[in-house]
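Working notes for the structure below.
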């Protein structure tokens, strides 16, 4: 579980709720209005349904789950595995890798090793793996785009709701005492739009972009590793090459573990 | 038909209408003002007529039709067809493809196969197909640009309308009781601009961008497939290469169908 | 003449004037204030004079003339001419093109054909033509940049004018009855800024961008055609290659005309 | 001197001053408030001091001087000089250029010619000259970045000042008659921010971008010319190549001067 | 220590404090509200915790320390060291560099020299060093991204806080005398958001971008130098090449020191 995301989301919601509850003369009820909520959230979802294919919209819950349940990849472990495969390949030949495929749980690496074992040409392997990597990046970009647009349409529908409320209020000014409460209700949609955008979808979008880069880095390391294994490079050189992708802290940890 | 787009558009309009109808002291009539509507929509269309050639403006209804009536491409079917053509080419030679052209309904693939049958050089085929693909991308970008600008000019003309209304109202403040209703009318154009932009053209623009990427992906698969057919590659290898363009779910479905 | 641009501009101005004239209690005079106009337009022009070289500013009237007086290029005619030159070159040799230069009215093509006739090396021809194309793109980008900045500075000076007006008004609140009219005058500059930007310069900027792409497409077709003529390609193949740059509708029209 | 920049700056300031002076009930004194000025300008400078190294900040006066005192480069003269050097090199050999270095006043060309005379390899010359060109572009970009950020921070500190003023005013509403003047003072910082940004730094930033492109174009012409001289190209061909960088008007003027 | 950053930050804070203290009828206490502060800062931190991995958030204090404690790199010294290594390599062979590694304190250069001494192939050395450089750029970009988002979320949470305050105030308008102070408190969060963004995180973000470019320039010089040393280039030529990366002022200073 991604503790920081969960704590961040709870903290953001908690801070806003606390601010409402401790303010003198305030009550949570004054901040709850179902029609306002429907205009903002329903409107943003509706706009995204026009803008994206149904499949992308249905993928949103999955994307959100990934934001909170992702596990940080262990690049050090990945490099160790590649180096170990490289040692097998050097000692016993590329075909010997076939017996080790069952140990690997990363399907991207399995595909690459399988192709190397089958004797596929190096440029064909790299081509296929990079196309796969591009396809993953495209799918991630699509998921991020939905979150981005939710973060943009929510405040827009918040503004539409506030304009609706203001126009209704301004057309009923015979009772001046109701102006304040009318205006308060009108502003609720702007508030909802700002919260939906800044507590949920804009941070989600940033995180999806980060998770994408993280996964692509792992794929890049895997591609470089498999290409190096196939060309029969020295496992020590492979390790050194792949380690340059890691931040110094992780490298130091890897050295300490040895 | 693209159900999600239709449902999204109806939902967005329905939510706004419902919000108006259920609000106490509100009436739909208070939200209808023809001159305000003309300033916003007419203004945005006029600005786009200055900004774009007439042909692009006349293409808008077609683009909007595509948004609601597009059919999701069946990439799996496309790959199957290419693999089947590759099998024919491998078994009976490239010339045998001529007899199969009548089965194909995608004019882009027909052009490519025809050139391969005619013995056009591979780099010339790729050059012509990529130029065609670029031209399609350019036309799509133009259509998207019109929608983008409609989505930007509509709120701008909404603001112009509101400023007009405010200045008229501020010049006639002798009757304070009319201030509220004058202000309400003035805000209508801002509301119209926000709706035209966020319910229609900004989501349309996103969708046109998505449909463009979708069509270009199909063309990319076709180009890669035809180049591979011409170079006499193994149909199994072609299938594996082209499948990397598909999301894992589609691939799993393809495997299940076998 | 570019009918759409003229109609668009007249429509945008007409809509705003009509909205002013039909509004009850409104008069056109209330919307005319020469000092406000000078702050907005003079300010935007002054800012652009700081930002751009005098030559770019003096080129603005020319750019605006092009927006309204441009003629859509006939790419079909262009391709026909190139194919006809290719036929001459194939039949009678490259030198025979010299006799046909007088028929051509496009100076860019003349330069290219002349170099081909002179026996300039293909890569030198392409290099010179592409540099020329880049230079045209740069000049267009500069013209577009002036229009862009006019469209950005006009609302900024509109805001400066409104702030000036508000501060003067707030310093003279002894007579409350004048607040409304003071505020109305203050808002005029914001209105002017929005009109100057959204009726004139932002649409102009978009159109200049479009006209640039249009001209560059013609130049690209010319370069590809001349390179193909020089390398002695088959005129049919040249036609097929160049036609891929055209939208399907134009191609169908070309076929129908045959 | 860059007349347009000076006239533009004086015109922008003059228009704003005139608008203040001719407005009824207005006085220049109402627009002068030293603490407000310090918050906006001091704040923007302070933010830029955090954001940029001291050296970049100290370079600002120099950048501003260049904006007003730059001289338009004479590309025609530059090309003439290169062609003349090419003639010498063709007639008397590359070494003969050594005797002409003293005539050149452009240090960038001197470096290039010196290297050619010294027999440095062409790719090394191009490499060194392009690195120098990149370094110039980077330094210009840094100068432009300071101006950009001044143009962004000034309105931000204007808003901070206005918020400070509003909060102070709202906390002292016991005397309603002072609300107007309190608000007027509060708005002054927003006005200052808008002026500092739109009269000074945003136009400056645009101009610095333009001057950068202008200088880089001269360097590009110089690099191309020196590479062509070293490879012993025909001076006429060099002239034709380099002239493609110039706008048609400049070329026509060069022809007329011959 | 980076004096400019420290002075800039103190000046920005000092200007705002002074503006508060010297305003008539103002007191610092009116600007302090802990719940408002928590909504803005807590909210921005919470949003960033959702958006970024915990590691990036924990790296923030380190990034801020670097902003204030960084030391300007001495590129001249760096080039001198590389030239001196090149002289050793030319005189005594690449292996002689091993004895000089202990003098070097830049780990990036040590890695490169070590690989050169070990006889690693030049393209492998460049590949490893560039990957390392990309990894450093990525880590810097991540740090900058956190600062960017803090600078964006702070005003957003400021607006959320102000909307909360306005809605509470509008719901309690029975006592008109409290409107002013209610509004003042509501505006505090907008003020805090603007200060957190424009005094702290937006300038920090700019500076982090600058420091990144500075470090990468040093790494670029090191890579070019080591590649040149390994290929046995003349130390004078290496010096000339590397100096093109420096601004003219630094070069003049280097010459003066000789």
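Brief remarks on what is shown
By written order: A, B, C, D and E. Residues from 1 in each chain.
One rule holds in what follows: a contact is a pair of C-beta atoms (placed from the backbone, for glycine too) under 8 Å apart; a residue touches a chain by one contact, two chains touch by 3 or more.
Since the model is a prediction, treat every value here as computed from it, not as a measurement.
Listed by label, the chains that touch chain C and also chain E are D.
Of all chains in the assembly, those touching chain B and also chain D are C. At the chain A-chain E interface, residue numbers used by both copies make up under half of all numbers present, so the two copies contact each other through mostly different positions.
Look at where the CA atoms of chain D average out and do the same for chain E: the two points lie 25 Å apart. Centre-to-centre separation of chain A and chain C, using mean CA positions: 41 Å.
Counting partners per residue, chain D has no residue that reaches two or more other chains. The touch graph of the protein chains shown is a ring with every node of degree two. Listed in ring order from chain D, with chain E immediately after it, the chains are D, E, A, B, C. By the touch criterion given at the top, residues 35, 38-39, 42-43, 45-54, 57, 120, 124, 127-128, 131-132, 135, 138-139, 142, 145, 149, 153, 156-157, 159-161, 163-168, 170-173 of chain E touch chain A in their complex. Those residues of chain E that touch chain D in the complex are listed here as 2-5, 7-9, 11-12, 15-16, 18-20, 22-23, 25-26, 30-31, 67, 72, 180-181, 183-184, 187-188, 190-191, 194-195, 197-199, 202-204, 206-207, 210, 213, 237, 240-241, 244-247.
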